[in-house]
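The chains carry the letters A, B, C and D, assigned in the order they are written, with residues numbered from 1 in each.
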Amino acid sequence: MASTNIPSDLPEMEYRFVGRSGLQVSAISLGGWLTYGGHVDDGTIPDAAHACLKAAYDAGINFFDCAEGYAGGESEKVMGRAIKKFGWKRNDIVVSTKIFWGSGNSAFSSGPRNKINQMGLSRKHIIEGTSLALSRLQLSYVDILYAHRPDPLTPMEEVVRAFNHVINQGQAFYWGTSEWSATQIEEAWGVADRLGLIGPVVEQPGFNLLQREKVEGEFEAGKLYERHGLGLTVFSPLAGGILTGKYLDGVPEDSRLKKSDDQYIQSVAATVGTDEWNKKMDAVRGLKAIAERLGTNLPALAMAWVLKNRNISSAITGASRPEQVFETVKALAVVKKLDEGVMEEIEKVMGNKPKGAMMFR
Amino acid sequence: MASTNIPSDLPEMEYRFVGRSGLQVSAISLGGWLTYGGHVDDGTIPDAAHACLKAAYDAGINFFDCAEGYAGGESEKVMGRAIKKFGWKRNDIVVSTKIFWGSGNSAFSSGPRNKINQMGLSRKHIIEGTSLALSRLQLSYVDILYAHRPDPLTPMEEVVRAFNHVINQGQAFYWGTSEWSATQIEEAWGVADRLGLIGPVVEQPGFNLLQREKVEGEFEAGKLYERHGLGLTVFSPLAGGILTGKYLDGVPEDSRLKKSDDQYIQSVAATVGTDEWNKKMDAVRGLKAIAERLGTNLPALAMAWVLKNRNISSAITGASRPEQVFETVKALAVVKKLDEGVMEEIEKVMGNKPKGAMMFR
Amino acid sequence: MASTNIPSDLPEMEYRFVGRSGLQVSAISLGGWLTYGGHVDDGTIPDAAHACLKAAYDAGINFFDCAEGYAGGESEKVMGRAIKKFGWKRNDIVVSTKIFWGSGNSAFSSGPRNKINQMGLSRKHIIEGTSLALSRLQLSYVDILYAHRPDPLTPMEEVVRAFNHVINQGQAFYWGTSEWSATQIEEAWGVADRLGLIGPVVEQPGFNLLQREKVEGEFEAGKLYERHGLGLTVFSPLAGGILTGKYLDGVPEDSRLKKSDDQYIQSVAATVGTDEWNKKMDAVRGLKAIAERLGTNLPALAMAWVLKNRNISSAITGASRPEQVFETVKALAVVKKLDEGVMEEIEKVMGNKPKGAMMFR
Amino acid sequence: MASTNIPSDLPEMEYRFVGRSGLQVSAISLGGWLTYGGHVDDGTIPDAAHACLKAAYDAGINFFDCAEGYAGGESEKVMGRAIKKFGWKRNDIVVSTKIFWGSGNSAFSSGPRNKINQMGLSRKHIIEGTSLALSRLQLSYVDILYAHRPDPLTPMEEVVRAFNHVINQGQAFYWGTSEWSATQIEEAWGVADRLGLIGPVVEQPGFNLLQREKVEGEFEAGKLYERHGLGLTVFSPLAGGILTGKYLDGVPEDSRLKKSDDQYIQSVAATVGTDEWNKKMDAVRGLKAIAERLGTNLPALAMAWVLKNRNISSAITGASRPEQVFETVKALAVVKKLDEGVMEEIEKVMGNKPKGAMMFR
């Protein structure tokens, strides 16, 4: 496959194990499909998606992240067509999707009925949703199948058994979670260990310099990395754009920050103008100064800081232009600049290091 | 799907979880296929069945209950044809069937041989019967597979393992029981828990204002709801027509009551004319008065009383005309009229509240 | 030990296994301690108790049944003193007691507090109650420790674990239940089998020609004998005296029937004078005729009918005079007269045979 | 026991099950031994402790809470002497202690060595610490043995096994936790369920109108009550005195608030004078107004609000005078005044209701 446009200074891709599993993914991966606009189900690959996917592959990215709930299943369809079109070998790539919100998919009915059994983690929806997702992807299996949210309305044993069923059917190799609490992951492992079943190997939370509680606090305190070998594929490494610095001089009403679908980003957007927000902007300014001193830029520093954390298996990024993909990959070269001194300086600027496990002796 | 004939005052359908499982079914569901008459296996859908199924779907009913033993497998064939013809999406509906009496099916041999291995809950019949039922339904799986009766002649471990086998093959999502005793359900759960297998999530008993012992007595005393999260899909909500009031002035020999196949209804029919029967008719008259005072009618009150019980996941009704479906669904609007005072009044009129768990301290 | 007063025609005692366990008990045993009157805690053995215990032992009875709740612990004290006084060898006898109602014991406080943690089957009460019972019995262990009632307020796992703890401490060899339902016994076995613990080997219900539902109906339907090897030590073989025939000509208000503590006997006493009662008296008259024709008497026939049932490990009788003990033991000789024909005749007279397991194929 | 000083208007004590266990404790219990001052180990019972213990018992309190770490083991010694002196029957009372901080006890070595193996939840310390605690208590067992804190430095399997060992030795009937996170409790249950061992039945957190996150947020979200039947014995019902209203007009440097050992109370004390503190004082003023309108006082309202929560098995209070015990017990009579309207009003005044489980469908 030709890869003529790769910048000559692009660092070599790094591959990491997904937690304690034997699966390896590129430290930077492609997701965030909502940014591709055009959700028209016309059987084509939008130009932007085409270009970004190619750039990603050429840059060494092997991990592509979808969800049944992204654009009503459209992200999976585009992904499926791209694999076909580019002639990628199945064993060269790692493809994931996520099950929870099937109700927006055209494969499901519309009307009041569409939230019944087409959402959540019932055995019925996990199995039916996975089959439909694989059809859209034109694949017989995904590498990782995520539970896109926890479902307190379904017993954990039903959830764990259903993911194991899908794995046993050969429709997924691993299963993981997204935005689950430490307690919920612990419960899933308790069930899996008791029944001799496969537990979730990876969680997908938001993680960035402004959103650290789950990854560095809750999961650390629960010793999930150490005990279950939990891997992390994280989204929002740049905090919905805040860590690009683009809101340092104000936040337009129609900015992506204000229009984000992500719950955490929305909650941050709601604080614009408050003391809390201003304090955050001060921190971002501090980071920017550090970045410039290190001879890089703010987004690269923020991305490198995420990658510096060895519990992160992959940072998932979106892109609307191939150049963005390359820019992101370049952050790999910044990681080695983050020595102990710089890390401490960043802590001082941010002042938001979460508490891990409390020791009483 | 056009639904031009839906009454404008039809209440919105309510969906309930099947016990503690993650599966949701409409609080009112369609079954009772024996009433469709015409058992001719000519590949068509009888007009009445066609109209009732369409009405049910349009009214928000998503749960359709069959059995290999209903009309010799004919109910499953009609259901399968209807799904195809209406173009219903598989994940929009919940379809169940039941295994026990395969002997009446044309798929089995006739003659004296037809009761050997074509009845009961042997591993052989559960697996063979399910495959044949799926063929008749033209489906690759049902949502719930019921054991249509207990089978004391087969060890419970064989039964539990066989239902788990079928689930593991992807031919059913959940399994349940019908007309099992609390002790038998307990035994099944004991086996399932010991072996790390899936236990029965739902039982299908008869339940109505005249037949309360299992649901409010035996299962309550055994704490099956609390301990196993047992759901209930119940049949005979109107006690074979007794709770419509149509026998208040006498029971013709050729009435449905006298000709019912249901064991309980038969045992009641045998009492016509006795003191016990007369006492029952007095209670029904008392209910009718309450219904009229509430501005509704006797069958709607009786159905609403069933739905008021939160252990009931779905009340299964039969219908021979679409209007009957709509009448039944209207009972949903009556549930909220059954406040504490009305419920107490009903208890006084009926005088048949079962004892739950006995406490000795 | 001298045994001068034994009637020369006393049949040899029969010993039966307690269900599928390796323990053997006399088919007739002594309990019913409330009839000894004199509950004075003066360190003596009442004369009647002394004489009856000696007669029982001499007649070959090896099983003596107490309870913490009988006469506020007094039955255990008398039993303990008797064992000492007679110099019985511990391994010659089988002693049981029962835990549930510790609140009446002087070892516990009086006042409102005495129902807290001194009743029921919490781990605390099972362990504390057993220790106190053993003190009263002056024994280091009982052979069988019964749960005197089910306790729906304590999780079954706590109950099963606590009885196993007591067994593991060496304070009991076996545990059993009294007046538990088939579902509760099933639940206990489910827990025990899952955790690799010891399940209850014996149940103690009331059983006689007038009270057959549990033993011949519920337990049979649940296949408890066959699956768990459940043994039965039964009380009330003569239905609180009804089966002696003494109420055939009327029931005095101060009769034992009217004053019984037993729940079932009370419920029967409440029917005196009704059609139900009269029907029962007719049956008793029929039995009496059969007894006379067989050259025996009504109580011996009723007792023999209990012993004829091979699921009965022992029939527990009370006695206030040694002669009663001997009369009861003589019933052993009547059992062989109950051939198939006589048993059918008895069924015809009684007309109350319970339904066992229902077969649907 | 004479109880001459009990106020005539003292409400009857309420007893509650400890979670789903069969053990019952008084809804109000006595602990907080640090307030007794006098830690001199002279073999006596301090006058204040003597009077408070007697008042508590007379008021119907049956649950007394100690810890190896309270006053260097002194609380256990005083408790043990009191049980002896008052002649309390062991089965009338529920005594608990907690293991974690053995290092302050004179039974352990002094010097740098005293933190090695005398703290935490190693098998060694759990077993050794329990034996020493029982010696101080002059008891052969406690009813509940708590892990006084989580110990991330010991594997959970070692902890769960050690508590089960102590229970199997007969030195405790139940085990629980104190200040554990939902994830840690979940991990303990996962281990217990997998190995067929006994899990923790109760957690002891701080809980009051100002400190609600664990009880109403974290544990609720993790469904610990529902899934594990977790009971709660809570401390600090009055938030270290803040909810008595005594700091409404300022906080003296030598006040108990400023000198508390409790971590949470310390963190609150650190905020005195800030906006956060002032907002809290406003809420307390609002509560006081509600209390006065209901004809009660602020501390009684605050205590009643704790008791209103049905997940609370017991609220542990300290006392330095018998009158305080009686005052606290009187709060039981206030619970029934907290109807839906009042509860909503309290929510409005407090504005700190935690989020429970998040539902995404």
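Observations
Keep this in mind: a contact is a pair of C-beta atoms (placed from the backbone, for glycine too) under 8 Å apart; a residue touches a chain by one contact, two chains touch by 3 or more.
From a predicted model like this one, the values you see are computed outputs, not experimental measurements.
Shared contact partners of chain C and chain D: not a single chain qualifies.
On a Cα centroid basis, the chain most remote from chain B in this structure is D. Note: centroid distance chain A to chain C, computed from Cα atoms, is 67 Å. Separating the CA-averaged centres of chain A and chain D is a span of 42 Å. Annotation: 49 Å between the Cα-based centres of chain B and chain D.
The set of chain B residues touching two or more other chains is empty. Residues 100-101, 115, 119-120, 149-153, 181-184, 186-187, 189-191, 193-194, 218, 221-223, 227, 357-361 of chain A are the ones that touch chain D when the two sit in their complex.
Per the touch definition, chain D reaches chain C in the complex via residues 12-13, 15, 17, 20-24, 60, 62, 89-92, 94, 143, 168, 170, 173-174, 196, 198, 229. On the chain A side of its complex with chain B, the touching residues are 102, 107-109, 112-113, 116-118, 120-125, 127-129, 132, 151, 153-155, 158-159, 161, 165, 168-169, 194-196.
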